[in-house]
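Next up is a structure, given as structure tokens.
Order as written gives the chain letters A, B, C and D; numbering starts at 1 within each chain.
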Amino acid sequence: MQEYQIRTDLALEATESVRKNASEDIRGINIEEYDVLDGVHVTKVEIASKNASKSLRKPMGKYFTLEAPELQEYDDDFHAQISKEIALLLKSILPDNDEEDSVLVVGLGNRDVTADALGPFTVDNLYITRHIIKEYGKDAYHNSKIKQISALIPGVMAKTGMETVEIIKGVISETKPDVIIIIDALAARSVKRLNRTVQITDTGIHPGSGVGNYRQALTDENLGVPVIAIGIPMVVDAGTIVCDALEKVSKEYAGAKESLNFIRNNSNLQLNNMYVTTKNIDETTKRLSFTLSEAINMALEI
Amino acid sequence: MQEYQIRTDLALEATESVRKNASEDIRGINIEEYDVLDGVHVTKVEIASKNASKSLRKPMGKYFTLEAPELQEYDDDFHAQISKEIALLLKSILPDNDEEDSVLVVGLGNRDVTADALGPFTVDNLYITRHIIKEYGKDAYHNSKIKQISALIPGVMAKTGMETVEIIKGVISETKPDVIIIIDALAARSVKRLNRTVQITDTGIHPGSGVGNYRQALTDENLGVPVIAIGIPMVVDAGTIVCDALEKVSKEYAGAKESLNFIRNNSNLQLNNMYVTTKNIDETTKRLSFTLSEAINMALEI
Amino acid sequence: MQEYQIRTDLALEATESVRKNASEDIRGINIEEYDVLDGVHVTKVEIASKNASKSLRKPMGKYFTLEAPELQEYDDDFHAQISKEIALLLKSILPDNDEEDSVLVVGLGNRDVTADALGPFTVDNLYITRHIIKEYGKDAYHNSKIKQISALIPGVMAKTGMETVEIIKGVISETKPDVIIIIDALAARSVKRLNRTVQITDTGIHPGSGVGNYRQALTDENLGVPVIAIGIPMVVDAGTIVCDALEKVSKEYAGAKESLNFIRNNSNLQLNNMYVTTKNIDETTKRLSFTLSEAINMALEI
Amino acid sequence: MQEYQIRTDLALEATESVRKNASEDIRGINIEEYDVLDGVHVTKVEIASKNASKSLRKPMGKYFTLEAPELQEYDDDFHAQISKEIALLLKSILPDNDEEDSVLVVGLGNRDVTADALGPFTVDNLYITRHIIKEYGKDAYHNSKIKQISALIPGVMAKTGMETVEIIKGVISETKPDVIIIIDALAARSVKRLNRTVQITDTGIHPGSGVGNYRQALTDENLGVPVIAIGIPMVVDAGTIVCDALEKVSKEYAGAKESLNFIRNNSNLQLNNMYVTTKNIDETTKRLSFTLSEAINMALEI
């Protein structure tokens, strides 16, 4: 039983206890794990029942996760391989290819806040085709499988005065995409996930998730179109890191448990509005956004 | 009679012959001119008849122009004064205050192309209120006159795959603003206008105008809401500058006229996709966008 | 007695125990404190003896600190007032005005790493005069008190392949400034210092200090010219924040002490290369660098 | 005989008449031309006598030029091939490999002015080794041929208050490089050179050259170390483009000649401080700087 609420956007972290303890079999959770490259691990979690959804506090649906510690390194070849693996996962979670022909990619977040810029930066590098196909047809690309790709960077509410969902709904009503892919920077619970874990889900984006947070859901149900969300953890809440550290030692020392409770209830720590990032986050955001945009370009047959 | 088409987004340039020649009175054009500060000139042109519109190749409506050669200088106090004058012009062209309460400001152009970044940069500095008023009411600002201000940077078609008009229409249908203010970088005919002329018009934005160009009109008629457009010339087409120079000498030398015709029909000049800018355009775009955003903030009672 | 090493670039934090406990009078430390504005506190610490220097682990010299919690807010008028106060402190620590006439301002750090960009951004906004005075004399400014101001952004070793001290020494040998002012982003021990504390010292910059760290001292002794260093804490090491939290509770719970020791010796926390920042660090770095550059401009009679 | 002074930083343009007219053989000019790839042309000009230097208004030395119209296109593979060809030219003009072991690369220009940012952006992408080799020896790279590479972005005089030559001299005196490679954005005479011509010369940089201009020579003679300069034309002076167009028609129409003279002497054109660039200069500067940095990395055995 969980005693307190930990903020994580990763289903992988939410399912950790389940995965660790094979005997603790929860009905309605299907987990498949395998390595795709040396040191690159894929986990496919499907939350298939309401009970499972409730106990994990995550909506029903598929969550694919790729973990690659070396994503932090600056190796172009490795990043290219990872793009390919992400593309495969993305293709397998996209609705059936024949039914959807136009894709709107949305980059959430604030390009002026490094930790929140993954979405806008990813969209900057996408290959956009919709306007060309609208004007000249698919012949322009000599590729009948090519999709109509459009992209949007809606901006954050503090700068637009509008809910993200209002902007996206409006653009959907005018341009009628068949599917939406949303990119967003995530918050993780553990520093070991930072900048090295990619999550792809068909459950969309939910209130309170992401670095910038959202007040209204960006989901199939709310937008009327299938929504795939891709995210990478870029920050950990500073409060979380303290609790995390204490939890680790609480197995060894009784006093840590008390400390933990004290800290959780102690606003004097002034850790609100603080977060933990890697020192090279500016460079990392650029690299990871490029890796994601290449993956999307590949998945959409460009 | 004009022999060839000159590209200008400025009504001021289009009406130059009319204004110069007082005797050449065209019906349906009302012109009012005055100085607001030392060296700062305001021209209010109203094109009030279809004939006038046709002969000037500009839509019917109001065009307010503020000319300030010193806008190129880096004088904060002067820029603050100009913001105030622009605010006054903007207020006088906005629909009656009591009728409109919510304003959507749209920054056209591409933030990654310096000459086309005026719109996005202006929106970056706006004071946004809609989301606050929606949640807490106007009491949050202790100002009953304050408007609901929202803002959008739609991006350019090459990067979105969507017509700008599609994105704006969609956002209007969801957020129902009472009036739209659009900011855009303009192309002028003469280098002497660059970075020092501000045009405010209630005629919106028309296909082919702006540095980035647009294929569909952003007008009251097309969007269903009053549209005010604010623009500053940031470039002159390189071809125009050659023709402009030749025209100047053509009054003196017969040969220049022939040269002019030759050049206009000569693709070997390779001046397509070239433009003329001031050397300090990067700095200038930042300053002018700030001057505009301050003007808009003032006009909307912030 | 301190049991473990805490990283802080602030003399204010190093002297905290001394200041709290008036009875614990250490010879060779002179402390003067006063408020300059509502909520703005100035502390002048002088470490005047070798013993004091040793016990505080800070070089002998003057450390002026201005604390202003509201520096985090976006109030232009308040920032302008703070610039003025910083200018006064800077003037009082600069060598006697009549002796020095040329000042080299150096912006340390990496402009591509937000948390380390304070120095370069500050230099971007300085008023530079040396080249004008060299060519036209001080008459160009109608101000006989004006100094010859030059500025340098040396870059970080990973990008230059050179020690910062090599670059600065070289430039000094060619341009012979009378005094050097160095701007750098600092690391603090406590989140409550972040973005709201300005330290001005005549002791220069020492190895291991700053967000980017330096391997060789940038001091009067090493450079042959008086060196004034101005810094603002922009990050806290992630490890520090955990220790800090535990220390707080250790007064209440015995177990916390053990936890603290465990954590300090536990590399599994993976907190290396992680730091804690405020969420709005991108915006904050821009504002604070402007506040500093205005202060320097004022102090140097611009 | 040249009637008027045309500003060009390209020896290729200065020697155009010589190259066109094979019969007009000037002693002391050696020209070699060949294609290296489809559509990629290399010209090696050596100005070997004082007379030749005087008649071409270019210093004695080697000027290698690579012309590739497709450099304007966004083809990564093509840019990679060009990097390789530039690397070969650079290697062949560098002083004998065994003698020089440490290289200082200098990126001239202003990173905040797009047309002048080629130098700083190129340096941003270099592989820097000096600090590693100083600390760990060449074994760190398992490559005995690797050079000690350092890099400097001196900034422009308006922002530093120092002559570029002062900063470079100072850094040379401290770090003793064996050779200097300087990168700079050039001005061309003809728009057809823009963004597609790379010049490599062992004559350094001379007063008045480059987009930002320099007041003092950056040459072997002045700096005491061999200086290789690499440049790409990023702008054409706006006045030049008008003269260029008129010159073209002057062969056809007598009047154009008169016009040309008139324009040259006519300050009313207000073309000072104006330049002509391609519309996509922001993107182009990024791409070309990357192509150059890759070339330098290759040439220096990285």
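Operating definition for what follows: contacts are C-beta pairs under 8 Å (C-beta built on N, C-alpha and C of every residue); 3 or more make two chains touch, one makes a residue touch a chain.
None of the values given here were measured: they were computed from a predicted structure.
Novice: Give me the fewest steps it takes to get from chain B to chain D if each step has to go to a chain it touches.
Specialist: 1
Novice: Just send me the rotation angle from a CA overlay of chain C on chain D, rounded to the nearest 5 degrees.
Specialist: Fitting chain C to chain D on C-alpha atoms yields 180 degrees.
Novice: Going by average Cα coordinates, which chain is farthest removed from chain B?
Specialist: Measuring from the centre of chain B, the most distant chain centre belongs to C.
Novice: Using mean CA coordinates as chain centres, what's the gap between chain A and chain B in Å?
Specialist: Between these chains, centre-to-centre, one finds 40 Å.
Novice: Whole-Å distance, chain A centre to chain C centre, using C-alpha means?
Specialist: Going by mean C-alpha positions, chain A sits 38 Å from chain C.
Novice: Starting from the mean Cα coordinates of chain A and chain D, work out the distance between those two points in Å.
Specialist: 45
Novice: List, in ascending order, every residue of chain B touching at least 2 other chains.
Specialist: In chain B, 112 touch at least two other chains.
Novice: Check the chains against each other and report every pair that touches.
Specialist: Pairs flagged as touching, ordered by label: A-B, A-C, B-D, C-D.
Novice: Applying the document's contact rule, which stretches of chain C touch chain A when the two form their complex?
Specialist: 112-115, 191-192, 194, 238, 241-242, 245-246, 248-250, 252-259, 262-263, 266, 268-271, 273-283
Novice: Residues of chain A touching chain B in their complex?
Specialist: 112, 123-124, 128-132, 148-153, 155, 157-163, 166-167, 169-175
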